[in-house]
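Chains: A, B, C, D and E, in written order; residue numbering restarts at 1 for each.
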Amino acid sequence: MSSTYYFAIVGTNDSPLYETELGVQRDESKYLNQFIVHAALDLVDDAQFMSTACYLKTVDRYNDWNVSAYVTPSNIRLMLLHEAKADDAIRLFFTDCHELYLKTLLNPFYEPNTPIQSQAFDVKVNTLAKKYLF
Amino acid sequence: MVVVYTIYIFDRHCECIFYTEWNRGRSPLSAERSAAAATVGGRSDGSKEPANTAHAVDGTGTHLSGDSQRPLVWPTTANSTANRVSLESPRNIAMEEEAKLVYGVAFSTRNIINKLNSKDGPQGGNPGGFMSFATNTYRLHYYESPTGVKFILTTDIAAVSMQPVLEMIYRNIYVEYVVKNPLFNVDPHTSSPIENDYFRAVLNNYIREISSTTTVA
Amino acid sequence: MEKQYKAIGEEAWKNNAEKINAELFIFTYGSLVVQLVKDYENYSAVNKQLDKMGYNIGVRMVDDMMARTSLERCTGFSATAEVIAKVGFKLFLNVIPTVANWSADAKEFSLILDDNPLNDFCELPPKAVADGLRYSNVLCGVIRGALEMMQMQTEVEYVRDVLCGDDVSEIRVKLLRMLDEEVPASDD
Amino acid sequence: MEQVYVKLELIGFRIGRRLAERFAPPNRRLTDTLDIVKFVCKDIWMVMFNRQIDNLKTNHRGIYVLQDNKFKWFLRMSGNNGGAAAARRAQPYIWLPCGIIRGVLDSFGVNTVVIAETLGLPQCTFQIKVVNDA
Amino acid sequence: MIHALFIINRSGGLIYSKNFTQQVAQLSSNEALIFAGTFHGIHALASRISPAPKRDSVKDTGIQSIDTKNFRIHCYQTPTGIKFIAVTDLLQTKLSGALNKAYTLYCDYALKNPFYNLEMPIRSEMFDTKLHQLVQSH
C-alpha cells in the first residue's frame, strides 16, 4: 500500500471545503493535486448519472494517480487521489468521512457547503486515514 | 352512583377561568340561558340550543362532543372578570358573585386548616391537605396543583373522596389540553378563561363516565 | 431522600415521556440560536432573548413535570435543587447535573453539567466566546420560570460554560425571595 | 408581523437542510423530485412527528400537495366554538414547517416555494411549488 | 380520638377552646379567635352556595364535616346557633353523639351557672373536667 494520498471535499458549486495531504509528502506542489481533482469533477458528474450509488469508485486517472469519488445525498463530493487500487478500504474511509461531515452539521454555526475550519475535523480525518489507508 | 353538580377552576391569580354544571337545578347560568332564550322570538321551551346571544356561551357547531346536551360554560373572554374585552360586554353578575363566594369559602377553609396543621409552617399552598367539606345537602371537593391552580368540584353528599378524580382532571385533562395548548394564556401574569373545545369535551365525557360508575372509593 | 428523587426521575423518563430524535432537537435549537445571533447586534441581547424564551417554556413545563411525577410542592430549597437536577433535567434532557457549591445561607446552589445535549458538537465562533454568548441560556430561563410557578423568585445564570473553554458547565441558582400567594382582589 | 414569519421560515430552512443530509438514504442518491417529496412525506415526517403524511397529490408539473390530518404541533391547539377561529390563530405556527420542507428539498438541489393552510385544526395542508431557475 | 374542641357563639365569637393532644397546632388566643370567626363565616357561606337542586325543599344548614389528609373537623350547630367543633383523627366518622353530650354539658355547667353570662367565654372548672372525661371516653 503506497503511502501518499490527497483528500479533498468539494462543495456543490465546485468550491473546495477541505483538503489535506495524507502520508509521505510527494514532491509535486499542492496546486497540481487541486487541478487533478478539479478536472475529475466533470467525470464525477458523468458517473453520477450512471448510478445512484454514493461511492463511485475510481472515476479518473492522471499519471500514476487514481482519482476516486464519493457523492453525498446533498451533492457534496469527497475526492481521493491515491496510487494503489483499494476499493474497499477507500469506501470505508469515504463513508466514515461522510459521517464526520454530518457531525460538523450538528454544529449550528457551521453553514453547509462552506469551508470546514475546525481542527477537530482535521485530526479525525487523519485518524481515519491511518485506520483505513495505511 | 355519584351525582356531580358543578366544577370551578381558579388560576393562581384567584380568577375563575372555568365553570360548568351538570345536574344542578336553578343556577345563575341556566337562569341566564332561559332568560336569553325567552327574549329571542318568545321561544321559551328552553331548547338545548341556546339563542345566539351576544356571548354565545357554548358552541353550537362543534364536531367534538357527540352528546346533544352540551354543558353550559362560563366565563368566556367576552365576560370574564379578569380582562373583559369591552366594558359594556354583557356580564353575568350573579355568576361572578357565586364564583367569588365559592372561592372565598374554599380559600378560607384551606387557610384555617393550614393553620391548624402547623402554626408556623408555610401557609401558602395546601400543606394542611384540605380535601373536602360536607353540608347536609352537598359535598365540596378541593384540589390545588403545585402551581396554584385550584379545582373545586361539588357533588351530592354520597360521594366519599373525589381526590383521585380531581388529580386525574389536573394531570391528564387540564395539563394535557390547556397547558399544552399554545393558544392559551401566553402571559402567565394575566388571567384568561379556558376557551377550549377539546378540554370541555374530554372533561364532560370523563364526568359522565364517573357519574355512571360506582362512587370512587 | 436523594434516592427517592432519582427513582422518580428515572421512572418518569422511562414510562411517561414521549421521546423525540436528539439530532432534530439539536438542529432546531441550533437554528433558533443562529437566527437570534443574526437578528440581535450583541450577544448579551441574545442571552436575554434565550432567557426570556426559557422562562415562557418553564412556566408551562413545570405543570407537565408535576403531572407526570405526582410530586408535591417542594418543602425546602434543597429539596427543590434535587428535584430540578434528578427529575426535571432527567425527564426533559435525560441528563442529571450534580448539585454543588451550596452557599452558607443555603440560598444559592450550582448545577454542574458535564453533559448537555443542547450543545453537543457545538463550536462557538471566537467572537461569540469573546463577547460571552451563553449558547444554552434557555435552560436558565426554564429553571427561573418553573421556580416562579412554585412561588420562588430566583436569579439563574451560567457562571462556567464548556463552550467557552471551561472544563465543565455550571449554572448558578440564587433564591431572591419567596413569593407570597395572591389573595382574592376583594377583601372578604 | 410579516417579518417574524420570514424569520421563522428561515429557521425552518436551516433545520431542513441538516435533516436532509443527516437522514437521507445512506446508499443511494435521490435525484427525481417526486422521490425527494416522498422522502419528505415518509422519512422526514417520521423523524419529526413519528407519523407519515396522510396523502400526497401532484399535478406532475411541479406542484405537490401534502396533507397531514393530525399535524402534531396542532394537536393540542383549540379555541372556542369550533376550529375555524383557532385555525386562524394557528397561522403563525405553519411557517417553521414550511421552511423545513423547503430546506430539505433545497439540499437535494430542488428550489421550491412552500406555503401551508389549515381549514380546521388539527389538519394542515402543505403546498410545494417547484421553482425551476433558468 | 379528639385532638381539640372549640365552641363558637351565635355571632361567631369563641367561647371555649381546648387542645387535648399535640397532633393539632396549639393556637394562641388571638389565632383561636380568628379561627372561630373564619369558621363561622365559611359555615354560613357554605349553605348559600349549595348547588343541590331545591326539589325536596331541604334547607342547607352549613358545614357538618371537613376532611383533610391528617385530620377531620366535625361541626354540630345547635338550634340556638351555638357551634360545637371537634378536630379528630381520620378514623372518627360519626361524632354527633359526642358533640351532643358536649352540648348537654354546656347547658348544665354554663347556662345553669348564674355567674356565666351568655356569649362570653366559659371559665368553669367543672365544665373543663366534665368535658375532659367526655373526650377521654372517645
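Here is the rule we go by: contacts are C-beta pairs under 8 Å (C-beta built on N, C-alpha and C of every residue); 3 or more make two chains touch, one makes a residue touch a chain.
This one's a predicted model, so the numbers in the text were calculated from it and none came from an experiment.
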Contact-connected components, chain B excluded, all else fixed in place: A, C, D | E
item: Mutual neighbours - chains that touch chain A and chain B alike; value: C, D
item: Most widely separated chain from chain E, with each centre as the mean of CA atoms; value: A
item: Per-chain CA centroid nearest to the all-protein CA mean; value: C
item: Selected pair, greater C-beta contact count between B-C and C-D; value: B-C
item: Distance from the mean Cα position of chain E to that of chain B, given in whole angstrom; value: 31
item: Whole-Å separation of chain centres (CA-atom averages), chain B against chain D; value: 39
item: Length of the line joining the C-alpha centres of chain C and chain E, rounded to whole Å; value: 49
item: Residue numbers of chain C (touch at least two other chains); value: 23, 27, 30-31, 34
item: Shared-contact residues (touching 2 or more other chains) in chain E; value: none
item: Touching two or more other chains - residues of chain D; value: 14, 18, 22
item: Chain-to-chain touches, reported pairwise for every pair that qualifies; value: A-C, A-D, B-C, B-D, B-E, C-D
item: Chain D to chain C touching residues, read off their complex; value: 7, 10-12, 14-15, 18-19, 22, 47-48
item: Chain C - residues contacting chain D, complex; value: 21, 23-24, 27-28, 30-32, 34-35, 39
item: Interface residues, chain C side, partner chain B - complex; value: 56, 59-60, 62-64, 66-68, 70-73, 75, 145, 148-151, 180-186, 188
item: Contact set on chain E toward chain B in their complex; value: 4, 24-27, 31, 34-35, 38-39, 41-42, 45-55, 58, 60-71, 73, 87
item: Touching residues (chain side chain A, partner chain D) in the complex; value: 12, 48, 52-54, 71-76, 101-102, 105-106, 108, 112
